[in-house]
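What follows is a set of structures for review.
Next, two complexes with chain A in common: one pairs it with chain B, the other with chain C.
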Partner chain A sequence: MAAYSVDLSTGNNYFDLNDILASQEKIPCIFNIAVEGLGYLDQSTPDPDIGVGTKLELPLWLAKYLHRDARGIVSVETPKTYREGYRQILAADPSVVDLHRLGPHFYLGGGKLALFNLPDIQDVLKTLLQTFQGRFRRIMDGSQNALHTDLTNQINMLDESERRLFAAGQRGLLEFQSWESRESEKLSTSSVVLNQRKRKWVGACRDSGD
Partner chain B sequence: MLAEKALDLVRELQRSLDGTLPPYNEDKIRQVLEEMQTLFDQNKDKAHFAAEGQTHLLSAIQLRHAAIRRNKRCLLAYLYNRLEQIKKMRWEFSSVLPSDVKYNLCEQEVQWFNQYNRLLANYMRSLGENGGLDLTQDMKPPKALYVLVRCLVDHGEFETQDGTTILLKKNSQHYLMRAECEHLIRQGILEHIVQ
Partner chain C sequence: MDPSEVEFLAEKEHVKIVPNFTQDTIYLISGDIGPFVAGLPVCVPLWLAVNLKQRQKCRVVPPDWMTLEVLQEKKQAEMDSRFFTEMPSPFYIEITQLLLQCATDDIPRADEIRTLIKDIWDLRIAKLRSSVDVFIKSEESHAKLNFLTLMEINTVREFLTKGLDHMHQLKSNLNGGGMASNSQFL
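Up next is the complex of A and B:
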């Protein structure tokens, strides 16, 4: 049977696909040193080089590498979605905010900000924790008690790691139900096989011009 | 932007990991490798000048190097997660993969699958006293020795342990030993009927 672990990894895994996607989130950077020959990264100028003082949004993985301390190649600013304005919104009522729109990897990406020496990093991290605490109750409520309701609206507002949590909760509920109705002792076709067959079937329809 | 193609690979895999394996994207992998090679060559040129004292080149070298490492990470993650998926399929589909799954593997992955198969088989043979132990059986705790099953597809003849041959015809029902038919149920050929 499937393992009952929820993958909410903190991003220490080199091979983790979610972590790779989360480290693609952008962070505003200012170049302290000119970078020769890489002007194509900044599409607003035809200049072949990146000059001192250029402002660019770089992905987290690149910023992390270029930013060491004050003398690094770039210095970073807090991304907009983690700044004071958004923090206040999240503090007011975390459960109504559409986190998926703020960044599909809101928590993972936010946690990565701890690697930079941002002045307001303590507040950012506190906000992340409080946001999760504020939203967790509704996530659990929705995934544990509403089996036959359309929850698309709620799921749409969850960030990727919350979605995994939600899915795990629902799976648990479904399996409890099947245990109650003695379905769980029935041997069944594995889900991998079933999915494979569905794909094959869809593919066959497409090939025959349906 | 740098390392954009490698990220595409990761996205593509992430989208389809819910039980299937997308085709091995050889074309894109080649493109990523080419990008890495280009960055590396540029760095090699510039490193030569930087060593001679033109330190203003160092920042560009570092930036390119970061991109090379990022590309490497994406490629390795792509390959690794595919292997994990193939490993999972070994347990679901038994030792022979369906042809359409096999079609999506690259040559090295097929080799890896065969070696994994051999390792697993050797290990299972070495367990227990006589003849080993099939670990892929009894994924759920068994409750009865025999189970009632119905055929969902025409599967052909099937020889049971006691030597009798039965014909697995669509919609026919049989009372079989659980150990014998569990694999067929998992593969969707038989359906378990609970009374």
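Up next is the complex of A and C:
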């Protein structure tokens, strides 16, 4: 991820799958001009055209190019999960919020909103940073402490980038544990060889052939 | 970095052994070892000490700090101080681990030493975690921690660097976001 990391504020990171997934998030848009023949996008009307003032949810990557400046084809609103109400919830206690439900790529998608000149964008970005700082301790403690407990509930509440962080923390702990219990000095079969099923198939074919 | 790689580095540390055989100096790229005279203490790298001990060719003299008194004092100092205290050896956990594994009979009260070292380790890791948390919350760009050992750094390395990466992205959104996006649309 880091190798091809592009300035996130420009919203593009061509080689990052998560970045691509995050740009699929739908954001609410209002059409400023009428568009002929695209009425099928708005399934609530039988009208063949899209009229001025139609509200539609468009994916972020599309909205980005339709919203060039103030006179663009669409104007963009802040998505619900980043609005004042949710921001207050996050400010109250970030560590208990189910971020994955608010958006699997909450941080990445939120950062991409900087592309649009939203009036409250500074507050949104500030909330993202504070949310992460507030949740960091729990992620760290969860990933570094509990080895034999069921963490599914906690992991479910993390957004995708936090999950990667959590996995990294657990990896560190597990590696240390296996060193401490002298597991790591034992030679073991590489997982590549173990998972390679081709060789087994060859054997199986020969057996059935005989 | 894998913990076993850290252990590899730790095996270059010297420990004292009393061999029960006699042999001339061994000349190695990393330095000369020996000569070995039966019954006379000699300093050898940890890897050699472990190997000789496994073959019953020597008796390991535990390092000065590997005694209950020193470690209890160390533990108390670690508990009393808000900061990290200097450890008697930069590879204390690795050396304890290796020596206690193969030379338990040469170290008096090995079990209690193992528990003490583990206690000190847990204290230091808890301290490390809370300083990492303070560091993240304070939004500073750098911090200095004295007397951390390689193994301790290694357990939080991937987590910490990923976390800082993430925070840097969120921060650069906040600082340069508006301007950068404008320039893209020009």
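Here is the rule we go by: the second predicted complex is superposed on the first by the 175 of 210 C-alpha atoms of A that agree within 3 Å, B and C clash if a C-alpha of one lies under 4 Å from a C-alpha of the other, contacts with A are read in each partner's own complex, and residues count from 1 in each chain.
FYI, a contact is a pair of C-beta atoms (placed from the backbone, for glycine too) under 8 Å apart; a residue touches a chain by one contact, two chains touch by 3 or more.
Keep in mind that what you see is a predicted model, and the values were worked out from it rather than measured.
In the superposition on chain A, no contact is made by A:54 with either chain B or chain C.
By the touch criterion defined above, A:182 reaches both chain B and chain C.
Contacts of A:75 after superposition on the shared chain: neither chain B nor chain C is touched. In the superposition on chain A, A:114 contacts chain C only, with no contact to chain B. In the superposition on chain A, contact is made by A:137 with chain C only, not with chain B. In the superposition on chain A, the residues of chain A contacted by chain B and by chain C overlap at 182, 184-185. On the side of chain C, the complex with chain A involves touching residues 2-4, 7, 97, 101, 125, 129, 132-133, 136-137, 139, 151, 154-159, 162-163, 165-167, 169-174, 176-178, 180-181, 184-185. Across the complex, chain C is touched by residues 2, 7-11, 68-69, 107, 110-111, 114-117, 121-122, 125-126, 128-129, 132-133, 136-137, 139-141, 143-144, 161, 164-165, 168-169, 171-173, 175-176, 178-180, 182, 184-185 of chain A.
Contact residues of chain A toward chain B in the complex are 1, 14-18, 20-21, 24, 33-38, 41, 59, 61-62, 65-66, 73, 182-197, 199-200. Across the complex, chain B meets chain A through its residues 1-2, 7, 10-11, 13-14, 17-20, 42, 46, 56-57, 59-60, 62-67, 69-70, 73-74, 76-77, 80-81, 88-89, 92-93, 98, 100-101, 139-140, 143, 147, 178, 182, 185-188, 191-192, 194.
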